[in-house]
Amino acid sequence: MCGIFGIFDHLEASNHAYLGLYALQHRGQESTGIVSSDGKQLHHYRQMGLVSEVFTKDLLKKLSGRNAIGHVRYSTTGSSELKNAQPFVADYANGMISIAHNGNLTNAVPIRNKLESQGAIFQSNMDTEVIVHLIARSKEKTFLDRTIHALRQVEGAYSLLFLTGKEMVAARDPMGFRPLVLGSLKDSPVVASETCAFDLIGARWIREIEPGEVLLINDAGIKSFKPFPHKQLRQCIFEFIYFARPDSFIFNHNVYEMRKTFGAQLSKESPAVADMTIPIPDSGFPAALGYAAQSNLPFELGMIRNHYIGRTFIEPDQRIRHFGVKIKLNPVRGLLNEKKIVIVDDSIVRATTSRKIVGMFRNVGAREVHVRISSPPITDPCFFGIDTPKKSELIASSHKVKEIQKFIHATSLNYLSLEGLKKCVRGEEKNFCYACFTGDYPYPFQTEI
Amino acid sequence: MCGIFGIFDHLEASNHAYLGLYALQHRGQESTGIVSSDGKQLHHYRQMGLVSEVFTKDLLKKLSGRNAIGHVRYSTTGSSELKNAQPFVADYANGMISIAHNGNLTNAVPIRNKLESQGAIFQSNMDTEVIVHLIARSKEKTFLDRTIHALRQVEGAYSLLFLTGKEMVAARDPMGFRPLVLGSLKDSPVVASETCAFDLIGARWIREIEPGEVLLINDAGIKSFKPFPHKQLRQCIFEFIYFARPDSFIFNHNVYEMRKTFGAQLSKESPAVADMTIPIPDSGFPAALGYAAQSNLPFELGMIRNHYIGRTFIEPDQRIRHFGVKIKLNPVRGLLNEKKIVIVDDSIVRATTSRKIVGMFRNVGAREVHVRISSPPITDPCFFGIDTPKKSELIASSHKVKEIQKFIHATSLNYLSLEGLKKCVRGEEKNFCYACFTGDYPYPFQTEI
Amino acid sequence: MCGIFGIFDHLEASNHAYLGLYALQHRGQESTGIVSSDGKQLHHYRQMGLVSEVFTKDLLKKLSGRNAIGHVRYSTTGSSELKNAQPFVADYANGMISIAHNGNLTNAVPIRNKLESQGAIFQSNMDTEVIVHLIARSKEKTFLDRTIHALRQVEGAYSLLFLTGKEMVAARDPMGFRPLVLGSLKDSPVVASETCAFDLIGARWIREIEPGEVLLINDAGIKSFKPFPHKQLRQCIFEFIYFARPDSFIFNHNVYEMRKTFGAQLSKESPAVADMTIPIPDSGFPAALGYAAQSNLPFELGMIRNHYIGRTFIEPDQRIRHFGVKIKLNPVRGLLNEKKIVIVDDSIVRATTSRKIVGMFRNVGAREVHVRISSPPITDPCFFGIDTPKKSELIASSHKVKEIQKFIHATSLNYLSLEGLKKCVRGEEKNFCYACFTGDYPYPFQTEI
Amino acid sequence: MCGIFGIFDHLEASNHAYLGLYALQHRGQESTGIVSSDGKQLHHYRQMGLVSEVFTKDLLKKLSGRNAIGHVRYSTTGSSELKNAQPFVADYANGMISIAHNGNLTNAVPIRNKLESQGAIFQSNMDTEVIVHLIARSKEKTFLDRTIHALRQVEGAYSLLFLTGKEMVAARDPMGFRPLVLGSLKDSPVVASETCAFDLIGARWIREIEPGEVLLINDAGIKSFKPFPHKQLRQCIFEFIYFARPDSFIFNHNVYEMRKTFGAQLSKESPAVADMTIPIPDSGFPAALGYAAQSNLPFELGMIRNHYIGRTFIEPDQRIRHFGVKIKLNPVRGLLNEKKIVIVDDSIVRATTSRKIVGMFRNVGAREVHVRISSPPITDPCFFGIDTPKKSELIASSHKVKEIQKFIHATSLNYLSLEGLKKCVRGEEKNFCYACFTGDYPYPFQTEI
């Protein structure tokens, strides 16, 4: 998964790009980069690591100019290497061009094969690089038209920012898989994956960039284009379930409220006789609140999160049980003794963490541990930008709910139903992609021509 | 403030010290150190920084031996320099000695002056160093007796761990200012500031080390001594209010439950007509839960915490308002519009942060912001180990509650009353120190002979 | 300037590449990289910095496989950025390809312009990248033929190493500007810019790779091709004067001996009445020995070099004169008082350093300072790989020898004559390039089509 | 071994201390530190590593004030740990005190034992710390008198610098083992181990600080004291042979000239029939020049030193012979084939390096390798500050010259005779310490009371 941010015509463009990426850090922690434009030249810096570790005052000063785009990345396609860090920068016949991409193209492989057969060379193994080649080969006259020409040839999920010497272009694929929002910082246009980036820099939210929309931002202002044929929307429901920050407003909804609704619906479908509701920090919080309110069970912070998780934690003695989770979470011992508890989390992937968490609660004396998951079972990998593991590693692809319940030693286990989930986005059911729960993909993923 | 940890006779002593300190990181983030003993020699490493950043596998391997003590420090006395990192290690006539200290001695200055007049030299400016000199000058025969002899001469707060080649000694001052708990990891004795350190390594809680108790731990087992005259207990109430981790069990109480009780009592004293209760993450959580439950106001996570706070954050453009807080916290915009809210926090020190937080809620449309603080106004500095600023910087030392309310732009502001606070520790009121709310210190702080 | 190294079919390919580059570090200190091939895949790592700082044991372990090429770079074309570090790696229709280049193409700009007009995108601003594009666009059947096809289109200086999954190709331009030598480590072929790389790894020198020669190295052994029309050799005389290490054997000569010959010839042309000959460490050593022996003046180490030159030296107080040089060099005070001295250096570029050095000798009491330079005045920049500054910064391009003598405060100043220089390479005068002394370039440098 | 530097009453005191230490880096590469005084307080920073790596502009800025002393250390007593880095700083009854020490006390152990029996605690395991304790316990009135009182109790080698809030004191032991020179930078007094530190900062040499002299430097100027009974001088001859920089002037002699004299004397005693004289870089240079001139053998740079020795060199394949030396040195192949050579080095310690060097020359075809050493065989360890290994590791302590010759595969091996060495310091034979060649120590080394 990735996060992107752009700002146009602002005195402190790269400083604000830094802040915007900082707010979007949850969308990718592997690498980050910023490209700025001073009206003539592009300046860029990319590195593995967190935004706050990668950039220094000196580096930001070198990223001069009034326009900037930036990127945080957690690998989807492309291996975890510096060459795959974005924004991607290249030189072509019309000058320098830079691109930041959130999403995943499903026909990148056949396009790349064709380009290579025509003599193209590739520097990265990101799907994003094919877009740059398609732009460079386009015979259209303007950068905007070359970009549209290129995007007409690709399929899949893309929320994109382009930066050239004088222009910024924002684009969102016709199905609208990934969020992309438009705002303004005083008079300077800003674009970001989520509104939390606007909040940090004090920018004002204007609107979603619409699915299939291309925005051209330059000294003449902002112009909107809708160059692609209309398609049925397929916004990623998982952004609501887990990925986006709860304080963001995307797909025209407040994420926090949506998660609470999921929890409330889950409670309606799968109540439990218990003493309290406990969220798994921090992603399970809003759904647990919804569950607790709906079911009238006391909401308790029965699991505490350590705030000082280091990146280089040294593994001790293997005999200590549940270790990976233990350095992050610890149950509140006295609260739980002999209690029947409901724990609420957003999703289960491999179930190994859930198993450890249930074990930790049982260790401190919980008598019954009812697990409630505020999404349906994940049975299929995502080809549109979410970094789920392959199908064989998804426990729900091969195990029934009862089997998973047994594996994690839960007293009971219930997922939110797909119907329940759809009910929560009332009236917009058709506008979302549920492929990770159904395997029903809007596009096939092509690996060969 | 500081945290200490010790383990005796365990194959992986320094690895467990590392983990124990990791769990105690909230008690001090400035520097950390571990000293191990292999039965003959002490090995030590200290450095500025977080536990997870300072220690590497190689360093821990060099800290060999079956016994270890460790320390995390946030400066109380002594400036923020490497020489003030602990454990402090020195050589004296009877070999090597190491000491880790949580607390603050109130008569260190006159003792130091006297020692210097006799030719002693000092390496640090920590109060702790005087204890080592007093031990070195004691004519008693055993290390235990020399230590007791030294401790008889000091006043103030101390939870201490000593390590020599063959012995570990734990001691807690007669008034019991700071917590200190005893546990065991299988058959190996462990000592820590809080029980959360036991949870991480899988150790079992045995009991509090009692005020005025000295424990000698060596190959013969654990022996308890009570060498000091009995004194009225003065356990630090602020450990419950803010300092300790909510999942810890100290002073024979569960911290999380105690904080909820504070919140409930606060609600009884100062209810509010509002739409919801919002905790200030993360320290205000348990009290806010208690407040919400008691007052029957919905509990909402109206303020979201950024998980990726970097240590080297670059300050942008000064014109962005409320910046320091903004990189950590962000309100949930849609939830708050036109709402009357109660926000619950544990304490107010300078009030600048509270002012920013109230401003952030007002910026996103909150109509009324009722601030509730789950402790009385802090009017006086602590001389017993809590790192409060000097009196002139404590807003409540010079301003009335109404004035503070105005300063932070709150619709209403209420603190928990001192009587209410005492009610919460039902029956143990006399056993706690409330000096930061009253200025009534159990010992004077001596700066001269 | 740059240095390249390659090894084929050796168990410790990347370790030896590391060592070979270490020995070639004098050819470029800006960035370094190694690419290895395990028969299928290429693995690579590039970074700004010195060989000994960039690579770690772990990194070298990841560079697995029996074949490797490496590069050290000091920028010639392309700015000082990571994207310009080599070896350059790309993907094209026939798989992965990697290239390491020493030299400078004179027609890279028009070729790049043409490629871009056909839709090519460029990642770096190195001339080297055009070769990869030309290979990718070639319709030839084998990698060797594609490479030859590409090299037929470029002009200028190139000593090249290519690595694919299964083959290594070495090539040297028809004029032979830059050195390239072939050796073997037991049965494994090795290729390097200079023989000093062979000495460090214990490899045996076999022969020069000849100008215009292309070597194909694969599992079938080494095959030599001469696919280009014959041209008059133009080996870089500056490799002898300054660039190569004195212990190397290149262009079929021993560098150390050649430099001594330059010094002896300089003495014949420009003797001096003086008390001693002093070399400027370390590059002036061999020529000074030749000068001293020929002129029968005692050879004295009158200038001492500091061995601990740090990279991050902090500039002090500007009032200290001659600072930049002073941290590296210091005259032997007692030796020089009232003495007439000859100092021998290899070349003068801007003359600011020479001026400081003469000043330092005068400061310690030298009565006469006769400066002797073992090369002719540098009047023109190099377009073939040596990183000389532009013409306007070369003092000899605009000043007569007498003027330079005055500028540097020398008692006398003499350069080796061009005729004298040619005499030293007896019988091979025509095989060298003297363009930096004459402006008579073998190729024009093209910046436009 | 160590180097010390001090400057008093200069606007840029710590910057100049940094530079002075930089010039003295050859005297110790393990750790470094600077202490400054602003007239009231001492500021200090110490760290493991090279001067140029340890200090940054920001750190130097924090070392404010017009007075500063600094230290570079290579361990003599005290293990290689940060706590043993100097200058040592402590607090005592009369304020802060700092000390930098070059040398080694021979009675530190009994003094330390006695101090500990009186209750003193020690922070380091350096002999230097006892001096601070002795000063703190002195009942004398002034700092100068306390220092003299303390120094009267110690034996061994010491060149010392002390810094307090208002005074700097320099002291040299009565036998004058280690050098210490006085200079001035404009009107500011400077003190350093060697004059090369003066050259770098542009200071003027005034004179040696005399053996047994104590200098008090304060706002009233410089006052000289001679408080100790007269003793026979025992200046370290090894400073001339190897340790000091050749461009320094110490013990009232030019080091470079002295080394040339050693080489000439060696040639007189042990001529060789050979084609050339080759120095082992860089320490053998001056002696080789003297040898070559005296014996009329051509001087050739037959061994080239790599300038880019990294600190973190990765050891390759063990089968490569002579590896440790190979990364530093490489013979000039063509020059040596079938030649008879004399190689000149300053000393042999364990002989393993000499053995590798002879092997390298033989590998490139040298027919005869005559080894000449410009000092007598080292048979005994130094207790006065030179970091020689213990007796059992000194090859000459247990092997005859003929046996060493055989071990290193030399055609012939000759050392400078002790008589020859004494002849070189004509008239001052008695003023030097030759204990490392004779075992005749001026003081015994005491390990117990």
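Going in written order, the chains are labelled A, B, C and D, and every chain counts its residues from 1.
By definition in this document, contacts are C-beta pairs under 8 Å (C-beta built on N, C-alpha and C of every residue); 3 or more make two chains touch, one makes a residue touch a chain.
Fair warning: this is a prediction, and the values are worked out from it, not measured in the lab.
Among the remaining chains, none touches chain B as well as chain D. Chain centre most remote from that of chain A: D (centre = mean of CA atoms). For the pair chain C and chain D, the distance between C-alpha centroids works out to 37 Å. Taking each chain's centre as the mean of its C-alpha atoms, chain B lies 61 Å from chain C.
Within chain D, no positions touching two or more other chains are listed.
Per the contact rule defined earlier, chains pair up in contact as A-B, A-C, B-D, C-D.
Only residues 12, 15-16, 18-19, 22-23, 25-26, 29, 50-53, 55-57, 60, 195-196, 199-202, 245-247, 249, 254, 256-257, 282, 285-286, 289, 293, 298-301, 304-314, 316-317, 320-321, 326-327, 330-335 of chain B touch chain A when the two sit together in their complex. The part of chain A that touches chain C in the complex is made up of residues 82, 89-93, 97, 113, 116-117, 119-123, 125, 132-133, 136-138.
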